[in-house]
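Below, subunit A partners subunit B and then partners subunit C, in two separate complexes.
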Partner chain A sequence: MRYVRIFLLTFQSVFEERGRSLVWFLLSCINPFIMMLFWRGANISSTTLSMITSYYFFLIIGGSIIMSHSEENIALIDIQEGRLANYLLKPFPYYSLKWLEELPYRALQGSFGLIVVALFSFLFQVKLSVGSQSVVNFLLIFLMLISAVTLAQLFKVCLGFISFWTTDAYGIFQLSEMFMFILGGYIAPLSFYPSVVASIAYFLPFPYMIYFPIASIAGFYTTQQLVFIFLGQLVWISIFVFLYKSLWKNGLKQFTGVGQ
Partner chain B sequence: MKRYIKIYWIIIKLNFSLLFAYRANFYNSFIISVGWGIVSVSSIFFVTAKVSHIYTWSRGDLYLLAGVYSVIVGLFHMFFSASLERFGRTISLGMLDSYLLTPIDTQIYLSTKTFRPISLLRLIIGIVFTAVVITQQHIEIHFANVFLSFVFIFFGITFLYSMWFLVITLMIWNPNLTNLIDFLYISNNFSRYPTSIVTYTKNVLLYLVLPLMLVTTVPAEFILGKVTILQVIGLLFFSLGLFMASRYFWKFALTKYTSASS
Partner chain C sequence: MSIISVKNLVKEYSVYKKEPGFLGSLHSLIARKYETVRAVDGLSFDIEEGELIGFIGPNGAGKTTTLKCLSGLLYPTSGKVDVLGFTPFDRKTKFLKQIALVMGQKNQLWWDLPAIETFSLNKEIYEIPDKQYKETVYNLAELLDAKEQLQVQVRKLSLGQRMKMELIAALLHNPRVLFLDEPTIGLDVVMQQNLREFVKEYNRRYKATILLTSHYMGDVEALCKRVIIINHGKILFDGLLSDLIRKHAPYKLISIVLTNMINPKDLEGLGEIKKFTYPELVLSVPMNNASEITAKLLKRLPIEDVTIENPDIEDIIRDVFSKS
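After this line comes the complex of A and B, so read on.
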């Protein structure tokens, strides 16, 4: 109940600045939108085109629900400005509080995503394709979405923790954005990439946050492949949980909170 | 004019000193600039890996477009974006008063007060990449072609500058809209792709982003020898028109500005 209360309080402050949230959301729509137009001119079959269009529409919704942006707040406000001292005194784990702070943003931006996609598919008569999915597939996709949100949040929190050791981690954040942009499937489905690049990407955590869940909804994979992807997500979650604990333990030793 | 050039030269020298004054900041900026330069060029490799044509544009043409885009964006970020992105902060902290009191044109001062030398790297990546594509495509290039391409690039940058300035002027009314800057950064992506992706849809609403696409398409198509006179006129018309609009809008906005500091 206490967690629900914290969530509702955070939601209130997020909703207060819904205009800014809307602009952030619109920003995330621009790239998928351009790419949708781009692929219409490619010499590919109508079935593939329909799958790609659906992929970008799902990317708009999925990207806003899954992708956390908490690393800058952790680095700048919590670690550099020292607000972490405040969190340390609270009877809640830091990670849970960070997640509760991020969830309202994801909920609000996800709802913007649903509205925009519904509006666009109605205006431009786009039929969203999910392929031929069984009930088991839908269940697996649901689990994959939850894992993707967890993985993205863990990844961003670990990224923010780098600030325990650096005075300015902006370059590292930008580097991670670049990798995410290319290897996370924001430009195009990885199956359209050169096979070498796609193979490298499959061994990294980036596609497990965005590309695989979105491509699964768009019906790119069979049940067996979905199981493997889900297992891959679990492996990455385990790695990042371990990394989180290690960074937190050692990072706190670097942290100095000054104030009254 | 001579005075402006002298001041701008001082600004350039100061920004170079600032870049090397903080080593960590330099490495940070280096990673970001080179990284995004590589991303903007490599992303076109990835999307065209399994398709040979996008509308009338071959894979090679699209590589050239990506190279020209890097040159334009490199130049734009070097000369303008760093100054313009601080505009919201300038207004909300009441610092605009001090700019208004200086004996030089406020718009010029606000738009050029910060020079970003690190974007030279992105510019170099763009120029080298464009040169490689031109050589591989066996495109004949003369001095006149190079000169005219740079004229079109100049008008393209004028368009981008005017669009940015027009939008950020809105912050005079609402300085909190700082994410408009991010919106502008991402909107630049439209100029990464050819105009065909909009013209083929025949959708009136999408034609709104067409001028932004002309920024890169015109110089690239000129190098390829495919540019039409209508496209050239379009680029000149939108660049000059938007530049004048941004100038008038800025003067109008200043009449609505209320000082925050005094």
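After this line comes the complex of A and C, so read on.
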């Protein structure tokens, strides 16, 4: 209950920034919309077009729920401006508090996503397709979504921790965005990529955060494949938990609390 | 037994030094020069429970760094720090629930919401029971005369009102040890006075141990019996404020308003003339002979008014720094 109460309290502050949140959401929608319009002009079968359109619509909703931008907040405000001091003084784990602060943003952005997708489905007369999925598949997809949110948040927090050692990590953040964009499936489903690029991507964490969960909802995979993807997510989560602990332990020794 | 014990505390920072100009920038692309700065240099002191101590020093003396080490924000380079039986940097939950650090230049309040919402968040984080929370908010708000501002959006509050809310947020869990870093910075004299009275009353009422840093000597004079003076990360003085005055300024200032002009030679042997602009005269006299000399002056001079004062604490501190 304590966590729920903190979550609800942080939600109040997010409501005060709802305008900014809407703008961020709309900006993140631009790319999937462009790509969707591009595919609608392509010479492909109506079944494939329906799958691709559904993929991009799910990407808008899923992306806004899964992908946070905590790394900038952690690097610039917490570490460089010294606001981390406020968290360190509290008898509550930093990761949990950041997580509870981030969740309301994800929930709000996800609801924006649902509204926008509903609106555009109506305007373009698109029927969203999830393929033919069993109950087990939906259960696995649900678990994959939770793992994807966890993995994405862990990845972003670890990225933000780079600021313990560098004065300007912005370039690294941009680079990670680029990888996420290309290898995370934001441009197109990875199954459309050259096999070499797709094979490389499958060995990296990016598709496990966005592409696999979204493609799973769109009905790209069998139950057996979903199990393997879920296991892959767990492996990446374990790696990033280890990385998080190591970066946090050593990073705090570098923390100077500048500006505090 | 000491509630805070510091032994040979050292904290060093690595600072990037850039050579000036365009060539310096080019050079920094290839090889950067770092310098180690020792912000705290072997500090040792002990603090008993319930003490209210002034931690004084110029900018860059190492005051805030020391407070950060004591509250567990910074990892010391070397030395031993013990606060309430804990090593601060371990940041154990039990330790964090017994301390608070208030920094005058930073805040923890949600900017767009009333302060009471931040208090509710802290209530959950510190697991404060409902009854205790309500009582503490009420008592602190009353003590600070801030009940009216609890429901007002933080961004709409004045600096002084915000500082009051910061104090309430930091004290909700009734910390046994309170670190105050420049709590009166930027405040007007009335608000400074209010906060001083609050800190004094809080220390008295809750028996809290308070370590206060401030640039305003008024804060230290009004609140602290004991002071620790540091510069360049080293302790220059640790003791009672009265001992500091006795040691570094063993004199008193006699301020006189004359009714008639006098010859300054009449004052020979009585004390040093600090200022003489008729009708005002200020004499510096040895502390032990102040009353005897005042009596002599009253007999010899045409006096309308006379006051005896201790020397300005700021002058004393400046004197300590200049000798360091």
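Annotations
Everything that follows uses one rule, which is that the second predicted complex is superposed on the first by the 257 of 260 C-alpha atoms of A that agree within 3 Å, B and C clash if a C-alpha of one lies under 4 Å from a C-alpha of the other, contacts with A are read in each partner's own complex, and residues count from 1 in each chain.
As a convention for this text, a residue touches a chain if its C-beta (ideal position, glycine included) is under 8 Å from a C-beta of that chain, and two chains touch if they have at least 3 such contacts.
None of these values were measured; they are calculated from a predicted model.
With both structures placed on the common chain, the touch criterion links A:13 to subunit C but leaves subunit B unconnected. When the two structures are aligned on the shared chain, A:42 is found in touch with subunit B, with no touch to subunit C.
Contacts of A:175 after superposition on the shared chain: subunit B is touched, whereas subunit C is not.
In the superposition on chain A, contact is made by A:188 with subunit B only, not with subunit C. When the two complexes are overlaid on their common chain A, residue A:5 makes contact with subunit C while staying clear of subunit B.
Once chain A of one complex is fitted onto chain A of the other, the partner contacts of A:88 are limited to subunit C, with no touch recorded for subunit B.
By the document's definition of touching, of the two partners only subunit B reaches A:27; subunit C does not. Residues 167 of subunit A contact both subunit B in one complex and subunit C in the other.
Of all residues in subunit C, those touching subunit A in their complex are 13, 16, 64, 68, 71-75, 91, 93-94, 96-97, 99-101, 103, 105-106, 108, 110, 112-113, 117, 120-122, 124-127.
Residue ranges of subunit A in contact with subunit B, taken from their complex: 20, 23-24, 26-27, 30-31, 34-35, 37-38, 40-44, 166-168, 170-171, 174-175, 178, 181-182, 187-188, 192-194, 197. For subunit A in complex with subunit C, the touching residues are 2, 5-6, 9-10, 12-13, 16-17, 82-83, 85-86, 88-92, 97, 167, 252-253, 255-257, 259-260.
Taken in their complex, subunit B has these residues touching subunit A: 24-25, 27-29, 31-32, 35-36, 39, 42-43, 45-47, 49-55, 57, 176-177, 179-180, 182-183, 186-187, 189-190, 192-193, 196-198, 200-201, 206.
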